[in-house]
Amino acid sequence: MTPDAAISVTDLHVWRGEAHILHGVSLTVPRHQVTALMGRNGVGKTTLLLAIMGLLPATGSIRMADTELVGMPTHRVAQRGIGYVPEDREVFGGLTVAENLRLAERPGSDPRYDHVFELFPDLQGRLGQVAGTLSGGQQQMLSLARALLEPRAVLLIDEPTKGLAPIVVEHVVAALQRATEDTTVLLVEQNLWVAEQLATDVIVLDHGTVTYTGGMRSLVDDPALAGRHLGVEVR
Amino acid sequence: MSRRSAVFVGIVGLLAVVPFLPFGIPILFSGSLDSAGTLQVLAVGLVFAALAMSYDILFGSTGLLSFGHALPFALGSYGTNLLMIHAGLPYPIAIVVAVASSVLIAVVVGALALRTVGVAFAMVTLAVAEAFSLLVLTDPLRILGGEEGLPLATAQVPALFRGVVNLPNVYWLALALAVATFLIGRRVVSSRAGRVFAAIRENEPRVEMMGLRPFPFKLASFVTASTLAALAGSVYLLVVRGSNVGITTPDFTLAIVVMVVLGGAGRLWGAALGGLVYGILTLRLAAVATSETIDALPHWLSGPLSEPLFILGVLFILFVLFAPGGLSSLRPRITRRPRRGPMDGDPMSPGTTA
Amino acid sequence: MEEVVTPPAPVGPALAVAGLGWGVGGMVIVEDVTLEVAAGELVSVIGPNGAGKTSLINLISGVHAPRTGTVRLLGEDITRLRPADRTQRGLGRTFQTASLFPGLTLIENVRLAAQAHLGGSLHLLAVPRPDDVAQRRAEAALERVGLLQRRDDIAGRLSHGDKRKLELALVISAEPRVLLLDEPTAGVSVEETQPLIDLIGQLHAAGTTIVMVEHRMEFVVDVSDRIAVMHEGRLLMTGTPRDVMTDDRVRSAYLGHRA
Amino acid sequence: MSSFVLYTITGLGLAGLYFLLASGLSLIFGLMSVLNLAQGAFFAVGGFAAWMVMDLLGDVPLDLRFVLAVIVAGGAGAAVGTVVERGFVSRIYGSHVRQILLTLGLGTAGVALLGGWFGWDPRILQQPAWFVQTTQIAGANIPNSRLLILAVAVVLFLALMVFLTRTRHGLIIRAGVENPSMVRALGIDVGRSFTIVFALGGALAGIGGALGAVYFNGISPGLGTDQLIYAFIVVVIGGLGSVPGTAVAAVIVALTQVYANNYLQAGLGSISVVVLLAVVLLIRPQGLMGRVRP
């Protein structure tokens, strides 16, 4: 395990039901920077995050500092300081914005409400609103706010801009840029532009294994490379 | 003859000659096999076997967890009896009319209850069955006998089923019922519709996507199971010589679930075994309970041990925890291949997200 | 084997959706999609996550009821029909995760589909004979996907790739006129992908009209007559694989480049 | 008029009992998708716990003894609920059908156990004298016990609502009903909420048992299971998982039952309730306040 790795994954296999999604993935997530996890639909990006969170059964190793996360119950993984922003936001639709945030508080801690409201001023005025009635973009902000309320060692963020209108995408990206400074983030992203704005390094998955690891810039600057790994450019 | 048919014929043959066997089985039965007491216990067990098989069509085969299967059984018993008492119909005709009426009621109840799925379906069927139970208990028209029950209209019963002398005939009738239920049940389960029942249990949305509306099939399963249960009820009337409010209660409706799970849901013969064992145990455990060994124990122990339902409940808990396939899964399987049962899937939770 | 009757070629497109729109609550997921698919054509639908591709398949097959627009199958308006009735009219579909009857054998799985298509399923006492039409069709379908020798295995125990083949057998045994495939190769291991791709190619070659959501671009480009690109719920463009792959809008939508 | 008031308040008292039995069912189902068929046994446990307190603590003044009895009944229900969840139901998470069947077995064995210990005939609970006296309201003489049951049920309903909306555990339970995985991913042990909800359901049913022993003039092992059916109807009509829905449905069901019994024909009450259920299912299969889940 390299000293600057926040999380290192070794030979990870994950199944979803009968489907063998990850076939022995090994990768490291460097500290204090944003790493994008890219690749086509269905290659297992979300699966990897779910496995780290303990929401899917896995074999192999996921280490954070000296702790093995494989086999650990989800709430313990979260208590180790991993914040999770799931693919479909998964805000509690029947609860108010304030209640959604209160759930994210850790008992006995000092939640960073100022920090969160500075990033997402929209939410401050809607604390009493039921989350299910928020727009898609506001729900995404709430989902991010939930993960950012407590200081986290690592943030796992799954497609934060999925299904959002372009103007909202830019807003979310801007907030994320400020929120993720000096934080360890593993960001699943399908959108190269978004990944480019946020990430320093990139890991590309294909067929359940890592096919590329390197700087974000070199991938963006080389269309052939990007095409080969992301699967759109053929000619 | 295939091996399975041979086993089947052998078991039926063995059961058929029981009234001629002058010896007993210690502990299991109090008297010799040809004694009135034992034949009575076995006849109850056989009717319960038929009832359990009818329920297995619904739960084991189609995956519909109904908590109201006591209703058609009770309707069969009360309906037949009432028709004999008030319309003066002879027993066989009364059975036909009562079972036919039960079919109509099953269509209405099924059409209503099948608007719901999972737990709500279980609750609704339980509620409807309970409504009948309360109707019997409160007996607003003073014809259902209330708590005392409704004694068998003996005068309308053919002579060959009357009196203790003819108990073997009643026993054979119960055996015939169980055999008929098994044969009909097996036929239904392997019919074209029966295959769709299994498909609904396995993956209901896929059935719809295949071009079949699940509803008529679920209703067909519900009505078939109810019809066979009503038939069993009309024989039970003869076996216990009356209609008793006990067979209408929620306790009994849940007991049917216990029988099937105990025996092994999803296999007709498993369900039959469960019903038979349940019937014999409920009657025999009560007798064993009054034995001196149990009486010698302190009350806190002897009290519960003298309650058949306590022992059956504990047994049931152990099965659900450690052998969810029931009795029929404990021995090497004679079935061709392992079957997925209704308990492997998760049809109960409309609330869980995919 | 009985004669497979080829229906007379319908006039106009085999499948036509017009102005199709759908959403959940305030979220618009599919918006104003118009697409015509000619008989025998294979059209692939591509687009980034959340573009509304699976929702489009769900709207065509009747899982969701559209808020706006119509779906026509072989000239007939099927917008208000239940999924079962659409299947009876010749629409077949597969799911993103193979949807089977896991506790039944392979042959029982396919038989059910064939029987559903042939009608007369609601027979409580008619035990099917082992040599009836449905059985023969089921066997033929299994043979076509290469699973006939495993006919008596339990479907739940198949590998993922074989499950997808079995699902295809289920669908083709009902002889659909229009076939909807939702990510047929998703989650399938590399070794098992090629047979599946070949199978879809054969179906296409045999004249089945196919609409397919798929992400393996090399496969899509290879097999499709036309490609439809969805982005943010809308149809961005349709065209030949060459047109689509060289289109700047597609590139920016798919890769997320901003102008 | 005075009889109408009497019937209404009697009905509301019954509604209170239904609510106590049904709210636990609804919460447990909402959070865990488990239909708890042992809930009727919890009710009976509470009833017998109360009976024992009244019977054994002969030296304590009756009023105080009754308060103690209700508290002990709630505690006993909570204890049994905890044991059922920790010892049994939690062993087979992931299979709802088996969990339901397990609670069926526990309910059956539990009721039979009580039958073995206490016998099947109702045990009459000693009551303070003022329970059987009446208070005049709008010209009707209302037995005080009815008013007491109603008051306790209302207080417990409000307490439950406060618990659910104002406390962290309540917040976790409401969130868990929606999406247990996400609650876990926020670092919260949902398993503890499962236990809390079972204990809470047990406590409410246990108190219901103590009050039920007053309302029905005695406690017998099968009393809870008999009432459980109405609780099911209440839960289905109210909408699975909704506590306010349960409260509203409890009032509707109990009033329907009492009015039908007294204005139409004795014995028709229960049938009317089933008819009511049928009507609700035809118009609104998800119940009054139930949400259609994705």
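Going by the order they are written in, the chains are A, B, C and D; count residues from 1 in each one.
The definition used in the following text is that a residue touches a chain if its C-beta (ideal position, glycine included) is under 8 Å from a C-beta of that chain, and two chains touch if they have at least 3 such contacts.
None of the values given here were measured: they were computed from a predicted structure.
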{"item": "Pair of chains joined by more contacts [C-beta pairs], A-C or B-C", "value": "B-C"}
{"item": "Chain whose average C-alpha position is farthest from chain A's own", "value": "B"}
{"item": "Chain centre separation (chain C, chain D; CA means) in Å", "value": "50"}
{"item": "Between chain B and chain C, centroid-to-centroid distance (C-alpha), Å", "value": "44"}
{"item": "Rounded Å distance between chain B and chain D, as computed from the means of their C-alpha atoms", "value": "30"}
{"item": "Per-residue overlap in chain C, given as positions that touch at least 2 other chains", "value": "156"}
{"item": "Set of chain D residues in contact with two or more other chains", "value": "179"}
{"item": "Topology of the chain contact graph, where touching chains are joined (line, ring, star, complete, other)", "value": "ring"}
{"item": "Interchain pairs in contact, sorted by label", "value": "A-C, A-D, B-C, B-D"}
{"item": "Complex contact set, residues of chain C against chain B", "value": "61, 82-85, 87-88, 93, 99-105, 108, 111-113, 115-117, 120-128, 152, 154, 156, 170, 174"}
{"item": "Chain B residues touching chain C - in the complex, by the definition given at the top", "value": "187-188, 190-196, 198-199, 201-203, 205-213, 216-217, 220, 224, 337-340, 344"}
{"item": "Chain D residues touching chain B - in the complex, by the definition given at the top", "value": "29-30, 33, 35, 37, 88, 91-92, 95-98, 100-102, 104-113, 115-117, 179, 222, 225-226, 228-229, 232-233, 235-236, 240-241, 265-268, 270-271, 273-274, 277-278, 281-282, 285, 293-294"}
{"item": "Residues of chain A that touch chain D when the two form their complex", "value": "53-55, 73-75, 78-79, 84, 86, 90, 92-95, 99, 102-104, 106-107, 146"}
{"item": "List of chain A residues in touch with chain C within their complex", "value": "16-21, 23, 40-42, 132, 135-136, 159, 162-163, 165, 190-195, 207, 226, 230-235"}
